[in-house]
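Going in written order, the chains are labelled A, B, C and D, and every chain counts its residues from 1.
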Amino acid sequence: MGLTGYLLLAAALFSLGVFGVVTRRNAIGVLASVELMANAVNLNLVAFSRHHAGPTGQVFALFSIALTVAEVVVGLALVLLLFRAKGDVRIELASELKD
Amino acid sequence: MSPLYTALLCTFLPLAAALVLVLVSPLRRAGLAAGLFSVATALIAFGGAVTLLLERWSGAATPVRETVRWLPHAGLGGGAHARAVIELGVQIDGISATMLVVVTAVAACVQIFSLGYMAGEPKPDFGRYFTWQSLFLFSMNSLVVAPNLLQLFLGWELVGLVSYLLIGYWWSKPSAARAAMKAFWMTKLADMGLILALLVLFVDTGSFDWTVTTSAAGAVTLLLFFAVMGKSAQFPLHVWLPDAMEGPTPVSALLHAATMVAAGVFLVVRAFPLFEQAPTTGLVMAYVGAFTALFAAVIAVVQTDIKKVLAYSTCSQLGYMVAALGAGSQVGGFFHLTTHACFKALLFLAAGSIIHGVHSNELSHMGGLWSRMRVTSVAFLVGALALAGVPGLAGFFSKDLILEHVLERGLWAPLGALLVAAFLTAFYMGRVTLVALFGRPSAHAEHAHEGGVSLLAPLVVLAVPAAGVGWLGAKLSGLYAAPVHFHLSPVGMVATGLALAGLGLAYWMFGAPQGGGRLRAAFAPIGRLARSGAVNARFAWGYGVLGGVSSIFAWFDRYVIDGLMNGLGYATLALGARLRGLQTGRAQDYVYVLVAAMLGVGAYGAFWSR
Amino acid sequence: MPFLESHLLGVIVAAPFLAALALLFVSPTRPGAIRAISLVGALVSLAGSVHVALGYDLARGGLQRAERYPLVPSLGIDLSLAVDGWSVSLLLLTGVIIVTGVLASWTLTDRPRDFFVLLLVLVAGVFGVFVCQDLFVFFLFYEIAVLPMYLLIGIWGSRGKVPAAGPFAFVWRRFDVGGREYAAMKLTLMLLVGSAAILVVILALYSAAGGSTFDLQALARARFPRELQLWAFPLLWLGFGSLAGVFPFHTWSPDGHAAAPTAVSMLHAGVLMKLGAFGVIRVGMLLLPEGASYWAPTVGGVAVINVLYGAICALTQRDLKYVIAYSSVSHMGVVMLGAATLTVDGWNGAIYQMFAHGMMTGLFFALVGLVYDRAHTRWVPSMGGFARQMPWVASFFVLAGLSSLGLPGLAGFVAEFLVFLGAWQSQHYVWALAGVLGAWVTAVYVLRVGRDIFFGEGPRSDEIHHLTDARRSEWGALWVLGACLVVFGSYPRLILDFIHVATLEYLPRAAGAASALLEASR
Amino acid sequence: MSGEQVGFWVVALAILGAGRQVVTSRNLVHTVLWLAVTLANTAVAFVMLEATFLAAVQVLLYTGGVLTLMLFGVMLTTRDTGFVDVRSPLHRGFAGGVLAAAVMALVSASILRTPLPEARVTAPTTEALGASFLTEHVLAFEALSLLLLSAVIGAVVIARRRDAGDPREERGPAIRPRAPRAAGGAVRLGAPEAE
């Protein structure tokens, strides 16, 4: 299977992630959607590495995975904080951005 | 020592003294030691100046001129500017050597006099006084040895500064603080002329030298003369000079009689080659100078403060010099400057001695000092007679020279004014002498007594040139021009006659006969006019206008320009309040917009931008 | 130390940054250590600047000590540092001002650590602007220098009172006009709006030059199309000009300077305003010579307004800081005037005026801070006779005043004289006249305010007592600045030679365009 | 259709199907479990791309570590609501669909328009990967470890319960809803602080 197929697969996965990020109400749901997007990116990186050249793509994918882990950790911590503050984790509760 | 180094010594030694006094606080605060230190440097400078003059005197020396580049400059385009340089340096020739001697001599005398006169001051103030004195000597000397107009301007401004500092010496007195400020404002206003003249000259010729030929001579000289009017107190910019008498009397003697105010005249003497290229300016100068001579003499007649009389007299005499230079007589102007420096410094110092004895400036508080303060009185008398133009004394020779030249040029109106001024000069000096020295002693004068030796020695020393320097006219003029030999001209005889008549009138009115009551009544309106300060009022009015304009501007800036900016901010805020409805504060909505925007940009970049 | 020698410019820029960083690890309760670290950071920069000046090869001229650290190579953004004659002089100025600024705020007790951190970051930005040869990083440093001002004024500022009046009086109900937060906000907003204009031009230049480099030298060789130059130059002029106090965007200056604490005023008026003027010349006139010569009459005309208008406004101010702030507006006008003449003397004068005015206004604000600190008021009519208790402060005030009114022998004169000379050469006679007149008006207000504060009879307000003269650290600041005024005024070639070398190299570009313009108009 | 292609389609369908469940499932526990399915299938895709090491990491780190963590999160926070997420309003779902479709359209259009190399090159060995980590990318590697460390510390700091003595904690909210405050300066300008 060629590169194009993998890229299209990743694009589809990414789009699903976008959909989830803007529609899910629960913060953990949003987090899961973000994971989908990150996963799509990793898929891209590995596919490029396979069809293009050298280990750099895989190295980046590894970095990306590690970063995602860190992000999940911090994200979950924030979710916990939100829960403790508001008693719920619906994401619209965190609307402090509005002045 | 070569002339160059001597000149540098004369200039920079006083600067070094001033710096030491500024930086070494203990010395400055020590009072008398600071004074002696300053006097010593002044005396050394005087010695140097005398050597320089003597070298010229013997006729062996050629003019010395050394310069260094002060500012980098590179004119665009070719011509004169390609080689133009901006430099400072030293030029020693007959004029500067003579002037150096005059300046350092008077300065040394005044500093010695100050040792006694200012002895009652608190020690730190005493030190400050001598710091400024040393700084003055440096400034004045750097002006005198200037090789070009730029350096002359630098020195010119510096003496103005020292004048400000010394007039304001008693700064806690509001009137002194105001007078200092006023003097600076007025001279600075006039200095605009000098700086503009420099610009015109430099852009036209690529040089600040006064020896160049320029097509803009008229503009340059008129601008220069405007500056001279300020510095040398010519009508109508003379108003600061009488106020400047707020300073200590020795300061008045040095700065506001003998040297600093003469800097304007000195400028014209130096830049004479430029002035010769502009006859119209000469005419203007002759008229302004003659009018000032007359106008100030009239006012001097009615003054009751001895220093004010001398101040107006200085105005008047400076008018003489300006008129002489306007009439094309470099020698006449400069020679009168020299003689005037001697006898006017003497008069001021003697007046200072009197004030020291009487503790008052008012003529009515004096009287009968001849018997109580003999040395001072004799000195004052010599100065007064020299100023009045009594034959044989210094003023007689120089005044005669001036009148002769004015007559030669056929300037009838200025000649008339100058002759009347000569009469009035003799009259008011006679009046002051008779009232102060021989009048009925007032209560103040009862206990008057001579000061110490430091007060009297300078008087004695200065009295000699005040009496005799006139006889050196031919030799002195020979240092920088064709020697002018004295001969009594008809106009000189007329002037002498008028002077003697003036003295006689003064004797009739203020001496033993005490006559002329009706004449005195005739003078009363002039007195009122002088005291009301009509010219002064114009300037006060001008200052008020400036303040008014400024208030309007400031209001405009605060409430219209800045108000506009504030209004803009206000409008932005109002707009922001409207737009706020679009903000939901939900992170997801922001993400949505973000992604959509990125999509837009990406789509544009990928598909439409090609 | 070869490393130090080859990375000296980087060290100069980094030293204040590092000092600020180090301060973060110092306990806020140890003001002594905080001050010492700040002073060391400032001194390192100053020493570096002096070393750069001493090592600058005048005979060779041009850019020297080039250092290059790639930042974003794909966009052509490098942290590239180098000095020319102009930078040398301005580096020295900045070094002196930050050292004296730290000395002048020695006695600050309110949150000293945060204060010094911000101050040092600010000055690092200033150093960066002066040595930076990459347009993008130039802008970056410019912003770094401008932004801390908001906090510095907003937190440590003081307030003046501006009564409501005029056609916009309704605004007063909404804003606390004259308050420190108002002043900080106004300053920041106005400068940011200027920055936006600058950024637009920078991006336009970048793409017009091929989109591969931000290097100033390369951009200067790029020869931008005339249309671009004609619209881009005024944007740059107003953008940078808002910081240089160009009329009518000067109105942040009186409020900002009045509200700012001493050291901040010193830095702001002494150095930061120069960044604006420097930007106009360095970016505007050198990259857009045709635009510059086309707009020069306008720039000069507005500068004339600045000179006279600022001076006249200063005349009636009763708040001491407002007097000095307006005088800065007036003197920055002289800088812009010199720049607009497009002559060697004019440019020399403009850069030298930056230097001289920096020293002078630094001294002024240090003194004003001292007076305010002792008298607890800035209201001039309530003062008087202060010279009795503070003779040295009075002396230095007169010295600074004399320099500002252009007394020969002090630095201000040299700059003004050269600018006037340039104006006359460029045949804009009115500019020279206005400049000379402005100097006279300056004499009027400076001497008067000096008299009202220091001379005459004692304080007119009963609330003023316990006046004391300058203390040790303040004393040091005053002497350094005062000595600089005298030394660089009597022997200006110490600095002017550097400036001259750079001017001779840069001016032909702008002037060449000017003469071409003249040809075209014939 | 080669066996490999068949494998690709199967995996692709599995990934997308599970992904759809992740974003739509109402039950949060289900969401997380479906996410595990997606990630595991991605690991399979990695294997097909001959990135075996990565596949292993994916399974261990993601499916093993992260998902467990997320399950904990779900359990802790949505216990009371029975792990059920609130339904999004219809318009929101619609808008999200449009956005996702747009993303898909744009990205796939870009992919299809770009000439891509379809031929494979030799897959990098795990050894090469390791070498690359410790030579060429060593700085990034170190930086990453720092990042992980700080993330862990940050998470602990953020999520840490306040000391029992903290009165704010007793009342519940740790972040008190503050009085409306200026975010940008412009608003602040309008609300002068009394001095």
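Just so it is clear, a residue touches a chain if its C-beta (ideal position, glycine included) is under 8 Å from a C-beta of that chain, and two chains touch if they have at least 3 such contacts.
Given the structure is predicted, the values throughout are model-derived calculations rather than measurements.
J.: Does B-C or A-B have the larger number of C-beta pairs in contact?
T.: The greater number of contacts lies at B-C.
J.: Which chain would you call central, comparing Cα centres to the global Cα centre?
T.: C
J.: At what distance in angstrom does the C-alpha mean of chain C lie from that of chain B?
T.: 36
J.: Need the CA-centroid distance for the pair chain A / chain C, whole Å please.
T.: Each chain's C-alpha centroid was found; their separation is 48 Å.
J.: Let me have the rounded angstrom distance from the C-alpha centre of chain A over to the C-alpha centre of chain B, please.
T.: 84
J.: Which positions in chain D touch two or more other chains at once?
T.: 95-96, 99, 103, 186-187, 189-190
J.: Could you list the positions in chain A whose residues touch two or more of the other chains?
T.: 18, 22-23, 97, 99
J.: Residues of chain B that touch two or more other chains: which are they?
T.: Residues 569, 573, 592, 595.
J.: Residue numbers of chain D touching chain B in their complex, please.
T.: Its residues touching chain B are 95-96, 99, 102-103, 106, 109-110, 113, 186-187, 189-190.
J.: Considering only the defined contacts, which chain A positions touch chain D in the complex?
T.: That would be residues 1-9, 11-20, 22-29, 31-33, 35-36, 39, 42-43, 46-47, 49-56, 58-59, 61-63, 65-74, 76-81, 83-87, 89-90, 97, 99 of chain A.
J.: Which residues of chain C touch chain B once you look at their complex with the stated criterion?
T.: Where chain C meets chain B, its residues are 162, 165-171, 174-175, 177, 186, 189-190, 248, 251-252, 254-255, 309, 312-317, 343-345, 348, 385, 387-388, 402, 405, 407-409, 413-414, 417-418, 420-421, 424-425, 432-433, 436-437, 439-441, 443-444, 447-448, 451, 454-457, 492-493, 496-497, 500, 504, 511.
J.: Please give the residue numbers of chain B that touch chain C in the complex, ascending.
T.: Interface residues on chain B, with respect to chain C: 69-76, 153-154, 157-158, 161, 164, 168, 171-174, 177-178, 181, 184-185, 188-189, 192, 195-196, 199-200, 202-203, 546-547, 549-551, 553-555, 557-567, 569-570, 573.
J.: Which stretch or stretches of chain B touch chain D in the complex?
T.: Its residues touching chain D are 569, 572-573, 576, 592, 595-596, 599, 602-603, 606-607.
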